């Protein structure tokens, strides 16, 4: 556990949190994040209202119980956002950019009434050549009130230095797996996907029906409002200033509030129901890039590619699909936009998210 | 149960749901809708936040228990919206217009924790003379996790044909009752309205005080925002595209996102508390017309007329009122606007809703 | 208990509530407000989404249980808003202005499942010299379903007279304490703040660390949207028309919907976490002024001053801080704006709120 740094500034002589700068991170340091959070059915209802998600176990407790869950689990991405939000005051309050994710694994299902906490360890540090910023890598682990793992992942962010002249630490770069191995996925204990009824989702397509390389246009578009992304981001107790303070943002490069990148992930996942309705559970986050910003008033679309179809060791009831879901703004995804001829992200692409889902197999 | 039709199109080669066209409906066909939904206190809180509803049994569990409910019931219209939302992907994704409702009856109260499912039967089909569209009538029945009826109703929608040249089915038109008979209302078992305390609502007016032909201006106005109607419509897992996709809508006839008609019904019902505060429960939906569209930024008002005062057979504690509630946009309802001299809906009228409520009687 | 006044007007012949005018209040009169309200985890989740509050006992049931609460309590200000909302239809529907608060004391913690009711007593009446308006003072007491006090406070509002010519009552002015005495604070029974872990909040500062006269800039800014303040105000079942009806407001002095003053209090309290993270519970509301209106699109900031550091009689685990929190619009609070050289509220100041919080002491 560490104390919150509390560097006096003119307007903030003592008590408010200025956030950490690059110099404040030490290799191997453990940061116990504040604000443990009990999640409830209220959070789940808001999540549905924010994204319109329709995946069956989160939607219907009856379906969840039939398959061995203790109750309707909370959406995996709601868990991700809450776990992530806790890290912001300590890790990314002074971040320039959220650069990437790797090695994310979901753990035990989270139910209403569980209390989530997050602890991060600094696993990499590298000053940038301009000496004004550096990249911080943290491994963040979220647990429930019994200490069981619910999610852990590595993320890296670019953070301002307090002083460009301060000495650079020895560069330390963590191992970043390209993807989580099927053997390392944590399947929820006691849950069987056998006998899954596709009437729950209206999608007849199961694990066997998806082919590596197959692309799916998720068709629908969702326009985002300022009130929506701010409600979401506050629900996650994510305090990053760029999402909330229009007065400050009007003088920024974009002149607008930036929408939390996780809001885009949740929108894309909800849109993906139309084509991936039986992707009932997230098992891993392999990688993710927020390639362009999203602003209120923009309309989000998504398409997905099946990257790999993976057997889950020892399981016949369920398989895994490694997916890449790409979200766009203000342009339908039916042309599967991604990078341009120069290998640069197309301007309409706002997210490329590489993750692994569980999907029931045919009997 | 039917499979979801999955007609390949250019942008949608295999897996996403294109929705049904007129040709896809067969007389008598039963459609088991996807996405059963467990309702919670979270949904109830959102419903209050969206409409400001103040009816007493939904507001106060103490009042509900005093009268024989098991708990605070969820708002009847929240149940309606969730039951309705499930039918959209199968019935009205390609709908041109939602034409009407008839014969709607509420059943057992719905409590937090109940799981709602909807099944529809195709009860009418009629091609339009232009051969490009047809009208589909479905009888939709929503049940809880014990199979008990919570709501059933007939609705009819105009749906695109896939191909104007495809043959028309034999026209089939269902019987549409003008109104649900008082003898057919389903009163919640074990619930007594005797001893109802008007201090719960602040309205001293009970069933005996309302006269057929009486008109009530509900006075207050409520301006609607894009974020609000989208949060509501997603909460109901209603995926109709016209509500969410501004990019597509800007090329539509209206250039705007259309607000889900059910949102208007809920706004009108919430406004009606001011004048109908003791209309404690919806028992039937007799008819309803969405006469003009509503857009974000518009302000909604409402007035009601008492159509009939009905005894409920065998009950002295409670009576029924058949009401017509008319909602307007951007014009107060104190002049009771409805149709113009030519029998056309006035341009400010957006809803005419004919329904039956339960109201306590004097001892 | 009183009947709701029901004065016929042109548009409102009989049944809807016109609200009370100054003449309708009698000294000593007790008003039992309508709409008791069961609060739930859904309300708590919405409260988090609306303000991003992070105080530890409301956020984490585990922390609450560790300290002797029965569960995570609902936010004190959520309780205030719900208690307040009930009084609006009877007290302030025809209010010109909400003038002040005094003598507010929080009582027993409120948990999900509790049902709140409010009763007000008219404790002061004074006609204004223009004879068109008068000031009404009410003492409002909110209780839970067991009749235990959860909050009581005095507020005063300026209300229209129905008729300027109607006779003025004898002026009656209640005693308004400058602040609630430490000895009169009601601490939650069975709750100990001993052993409080500052890792819960990330703030190392405890009661001993705050000095009278100390000022804290809460740094962050929060822009407010129309959808947000209306969702909040409806959640509280507060029906004051100026918050919702843009059609009517466009002809008002401001041309805009006014944001409920309580929304500002909650925003300021949530912002104050950054600097006052261990101010774990509100104990009293000493005074409050809504000095300028707030409109959607404005960005809110806040700063606080420690007015007094108070021992709580008989307690070593916890102390009280009397705070003044000032909220601003569209201007950061780092210059601690308050009144100008003429003693007039600076135009950017929208709230000055004098209240007492509980904060754990060092062992």
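Chains: A, B and C, in written order; residue numbering restarts at 1 for each.
Operating definition for what follows: contacts are C-beta pairs under 8 Å (C-beta built on N, C-alpha and C of every residue); 3 or more make two chains touch, one makes a residue touch a chain.
As the structure is a prediction and not an experimental result, all values here were calculated from the model.
In terms of which chains touch, the assembly is arranged so that all chains touch all other chains. Two copies of one chain, chain B and chain C, touch each other, and the residues they use overlap weakly: the shared fraction of interface numbers falls below half.
Averaged Cα coordinates give chain B a centre that lies 36 Å from the centre of chain C. Across the assembly, chain C contributes 40-43, 45-46, 225-228, 231 as residues in contact with two or more other chains.
Of all residues in chain B, those touching chain A in their complex are 1, 3-4, 6, 10-12, 14-18, 32-38, 40-43, 45-46, 89-90, 112-113, 115, 145, 225-228, 230-235, 237, 239, 241, 244-248, 257.
Residues 40-46, 48-52, 54, 56, 59-63, 72, 199-205, 209-210, 214, 216-223, 225-228, 231, 274-277, 297, 299, 330-332, 334-335 of chain C are the ones that touch chain A when the two sit in their complex.
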